[in-house]
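Letters A, B, C and D name the chains as they come in the text, with residue numbers starting at 1 for each one.
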Amino acid sequence: MNELLPKLSTVPEGIHSPSDYLPYAKERLPPEIWRYLEEGSANNVSLQANPHAFDSIHLIPRPLSDVRSGHTKITLFGQTLAHPVILAPLAYQQLYHPHGESASAMAASAQEGQSCVSSLASQTLEDIISAAGQPLWFQLYWQENRERTLKLLQRTIAAGYNAIIFTVDAPVKQATIQLPTTIQPINLDLPAPFPALLPQQSQVFNGWMAQAPRWEDLAWLRDQTSLPLLVKGILHSEDAEKVINLGCDGLVVSNHGGRVLDGTPASLACLPPIVSAISGRGKVLFDSGIRNGRDIYKAFALGADAVMVGRPYIWGLATAGALGVAHIIRLLRDELELTMALTGTASIQEITQEKIQISRNQNRN
Amino acid sequence: MNELLPKLSTVPEGIHSPSDYLPYAKERLPPEIWRYLEEGSANNVSLQANPHAFDSIHLIPRPLSDVRSGHTKITLFGQTLAHPVILAPLAYQQLYHPHGESASAMAASAQEGQSCVSSLASQTLEDIISAAGQPLWFQLYWQENRERTLKLLQRTIAAGYNAIIFTVDAPVKQATIQLPTTIQPINLDLPAPFPALLPQQSQVFNGWMAQAPRWEDLAWLRDQTSLPLLVKGILHSEDAEKVINLGCDGLVVSNHGGRVLDGTPASLACLPPIVSAISGRGKVLFDSGIRNGRDIYKAFALGADAVMVGRPYIWGLATAGALGVAHIIRLLRDELELTMALTGTASIQEITQEKIQISRNQNRN
Amino acid sequence: MNELLPKLSTVPEGIHSPSDYLPYAKERLPPEIWRYLEEGSANNVSLQANPHAFDSIHLIPRPLSDVRSGHTKITLFGQTLAHPVILAPLAYQQLYHPHGESASAMAASAQEGQSCVSSLASQTLEDIISAAGQPLWFQLYWQENRERTLKLLQRTIAAGYNAIIFTVDAPVKQATIQLPTTIQPINLDLPAPFPALLPQQSQVFNGWMAQAPRWEDLAWLRDQTSLPLLVKGILHSEDAEKVINLGCDGLVVSNHGGRVLDGTPASLACLPPIVSAISGRGKVLFDSGIRNGRDIYKAFALGADAVMVGRPYIWGLATAGALGVAHIIRLLRDELELTMALTGTASIQEITQEKIQISRNQNRN
Amino acid sequence: MNELLPKLSTVPEGIHSPSDYLPYAKERLPPEIWRYLEEGSANNVSLQANPHAFDSIHLIPRPLSDVRSGHTKITLFGQTLAHPVILAPLAYQQLYHPHGESASAMAASAQEGQSCVSSLASQTLEDIISAAGQPLWFQLYWQENRERTLKLLQRTIAAGYNAIIFTVDAPVKQATIQLPTTIQPINLDLPAPFPALLPQQSQVFNGWMAQAPRWEDLAWLRDQTSLPLLVKGILHSEDAEKVINLGCDGLVVSNHGGRVLDGTPASLACLPPIVSAISGRGKVLFDSGIRNGRDIYKAFALGADAVMVGRPYIWGLATAGALGVAHIIRLLRDELELTMALTGTASIQEITQEKIQISRNQNRN
């Protein structure tokens, strides 16, 4: 392992955009942790497709507009947020900084936004929410069966989490990093025993998928809580419809940052048909590929109700802890405000498809 | 020649996909043999087009589906195979490993699949089938005339081969490697004398093509055996129709791995019109460009009935003999199962065109 | 800072096109000034899109045409120019050469063309016009309010400037270079105090945009002068219409050389719809991306009435002062003449859309 | 100048295609001559577009076809050629080999084909035709006026040339190489004096274009000879029609190898509309971008009646003189025969558009 640089106690000079944090984070993380953070699955086709999808959306300046009353506020499930950037539920955040998930959640609160804590958090749910000083969202993974899942859900509710994001797109857990003994999924019970397989049986179909949730489990889960329930990892509009028809409050369009099934479309490409299928009957959040405030603007133009941001805030966490995360959020908000101002857009609601042009031919080199 | 590493007696660590074997194989083979394996023809336009064609096919995750009864079985010409991966008939396999074709065939049997032995095998047909312990398929090259071809066919049938794959797309044999004296097309008679040409005559038209099979020879061949007979090397749907109308049992869509005529379309691009032209009157196998289980899924989505895999299993053979080949097959099957599970697909028959999205604009960089 | 080469007193040998000046200029400028000149905003998507957009426009040679009477003259606001190349209003030109804006304006006059002086000129308006020996155009930035703006406008008119180019696409001033104390916006008063913001207020919306001009300010500005008034930084055809409907004499289609909002379309892509919307009711100038005479031809084929050229003439200025700028202009005119001759075009008016072919698929690599 | 390798007296080993000669030629030529041979104009957009255009045309193998009677013969203006490869009129061939144009012409004759001698040949017209031992084609440049042009034409006819290729796409002569004193346009008179220009006049319009031929000059030229007359450098179908309507025997679709006007379409892209406009009323030759026999096949599929090949035969000339040129021609013919055989095509006339597929999306990387 290389000699790592200490975390910074102030934000670095000369930062203009979240990606300016990238080299600082890379320097401060062991190579295997950096790889774990940045990797996609297989050939990285989907990983690379995510940011590239934004390049075919063009922004049209509208000078001389009156945007003096402009702001980035949104209201989501009764809570008013100063901006629409929600921290995505990344696992094991103590890998990146000793203050882990608490630092991220604290930063989100300080920036008057929201964060979503992973089932695979490396700190206790109670400690994180206490650090944040406000209710948070919880990302729920299915715990092999209903009993175990319900137990985790009830603990979450008791701890004061106020929305459940149920992630369904990663039923097979393949470790790609060896966790240090000090960093573990501290909020989970030991996993249930893996199904005993006959020689002819498949590890995938008869093993992992036997422990994966199904639509009837989602229906059951809906009945276990009156909190807002969103399903994360939806790319097909028929699935989006099913989620809403089962009484959920919304969903997160996501290809898991290109980390699960290589060859999915860019997450952004799946957003418009899902927005159209839902037509306002639930909230549609967008995740996977956002790297700056212009990307946020484009996701709203294609119909998102809020966005989740992942790797970029971890760059800030790895560099300067809570201070770095708060800075990343502020940079994203500043870039979003600037994009809105230059395009003559005074509120998130005004960011519509008419504000953009979609090109099929212009590629970044 | 550089110092070569010995073959492995166990499979390497850290392998997640067939392409992880590539550097091991490259290290273990002399450069001229590696080049012979990997080369395409001319400018490699078709060689490169093959894998790239898969990148424009997108997979759509369908979480929460019930795939607990999932499997990859197919039935082909009366034989049930545990998975649809058939080893393509690559020539002179002792170039890659001393155990040659026998090792590959043995591995295919152990994985409950099928392999196809080349006319240019470096071991006797009888030894290979004996190593395999089950009937195999035989790839037949035209032997300059009917008499010589019939002789080879009859020996094949006597040896217990149970399907004939007649390759028609490479009528001109241009050696691109100097075979060592110990590795020869051991199952073939010495070639018939090349036609004596007048000064004005063309080596291509009056030489090679005078020894090449024609449609009437295929009709004749069909009458010589009641075994399943498939024609390999078909890219045009009119030719596919002719093959079926002559009573053949199927065909293999293939551009010979980009090794014959540079500038053909990607093999995958030719699959849908041929499937449509045949509409179930024969089996359509797909060959050329498959590198992982997601590619197999995509070929089925475009209508294939089974797939042939070539270079990847040779990577395994060169690295670790039969063990390596078996591992490659298992990796392909695991990846196929995972792709099916994540897309909510419980059987090969369920892999239809509705499962994918075809994009004309997204390119891998 | 590296050791810089002195400016040349003659033009370099072996120059065939403006871009041949680029390495000379780069050698002669400190790296941070070179970066400031060449940079775009954020990821440079728009910066790179500008020149690439020209590559999809093809020129069709029309040999054997009679072009013996050919010329490149245009008439603009009553003035006849020998060619349609107008020097764009780049800021702080003493950064590049001690003779600054005066050298550029002098060169434009000597080449019987026109130049536009920036609000951010590093020499006095009076000195520049005196060096030029002819009336010039003035690029006006809004000076935070009407009173301050009017003061600058009146000084401009008094100095003898004969057209006003009002730039509206860069309301937020973010310094990306530290100016030396000897180089300052010498024609401007100290900026008005930045609005005092409440804790909840946004620097963008409540700060910068409160000091930015709005449509009603443009209407007011139109009433303050009878000089030709053009608005620079228009990319949307509705805005182009508004500009004309407010009585302005024209506009400049520009994305500010890719320096303001990253992700705008290429400037060239916005030209045709604006030309179509205006349909002759005002002049449409084109800016952003022109690097040679063929590009000028293409802009006219898409409907421009004149073109502005930016970075290329600064390469000449940095290399050889007024002599270099004059040479750049002459090179552009020569290339334009040659393109006209080879395409059978005897006048600027004959450069129509029928002269070109637009391809959506051919990219420069 | 670097130490040059001597020319070879036998052809190199291991050559499979004309481009295999490229490194040999590059080694044997001084860098400035290599640059002169290979260069395009300006940014090389058209130079690179020429070969890339072929990549979007796909060849479809048609195995099992009967092509035993196949051949590559064509008949052109009464002459039967063994193959359709005509050597393009490249200038100053003694730059590449001391045997110059004579070597090229001799090789073309030996291969039973045809070659076209440039107005800018470095050997006398009489010596070249004598070396060839058969009538050749002559490429005519306009000699500033009719009298001088007629004088050159009459000398050509007297020398026994049997077809005139009148090149019209390069009216401006800009030297890009300093010719050694021993290599000169030996067949031309000293150029006529360049027009004296007034200060206001344009070197392009009033100078070069005053000495360039016009349509009426072509009509006049047609009347001066009964030999076949073709116009070279036509890309627009209206011009192709005019050429035929003036009584010419055909034309050469060419963008001058990308050497004149940068930004023209690929020559291949202009072929189909011209073929369609002419519809058999004259011969359509194709030039610019052919590098192998598959390219020749594709040009015929798009309607060409014969092809001109340029730079590739110079690679052979520079490497091994007449022997090298003859080898290049033979390689092209062999590749063409192989392509015909594999696509089931027994004669040049059978190469039609149905033999190919045109793809807009598949690019070579």
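Operating definition for what follows: a contact is a pair of C-beta atoms (placed from the backbone, for glycine too) under 8 Å apart; a residue touches a chain by one contact, two chains touch by 3 or more.
Chains and their UniProt names: A, B, C, D = 4-hydroxymandelate oxidase.
Every value quoted in this text rests on a predicted model; they were computed, and no experiment measured them.
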Field: Numbering shared by both copies at the chain B-chain A contact, with half separating same from different
entry: different
Field: Chain whose average C-alpha position is farthest from chain C's own
entry: B
Message: Between 0 and 180 degrees and rounded to the nearest 5, what angle rotates chain C's CA atoms onto those of chain D?
response: 90
Statement: Between chain A and chain C, the Cα-mean centres are separated in Å by 42
- request: Please list all residues of chain C that touch 2 or more other chains.
  value: 361
Task: Go ahead and list every pair of chains that touch.
output: A-B, A-C, B-D, C-D
Statement: chain B partner, complex, touching residues on chain A are 42-43, 45, 48-49, 52, 56, 168-169, 171-172, 202-206, 208-210, 213-215, 217-218, 233-236, 239, 242, 255, 260-266, 269, 360-361, 363
Task: Show which residues of chain D lie in contact with chain B when the two form their complex.
output: 17, 54-55, 57-72, 292, 294, 298, 334, 337-343, 346, 357, 359, 361-365
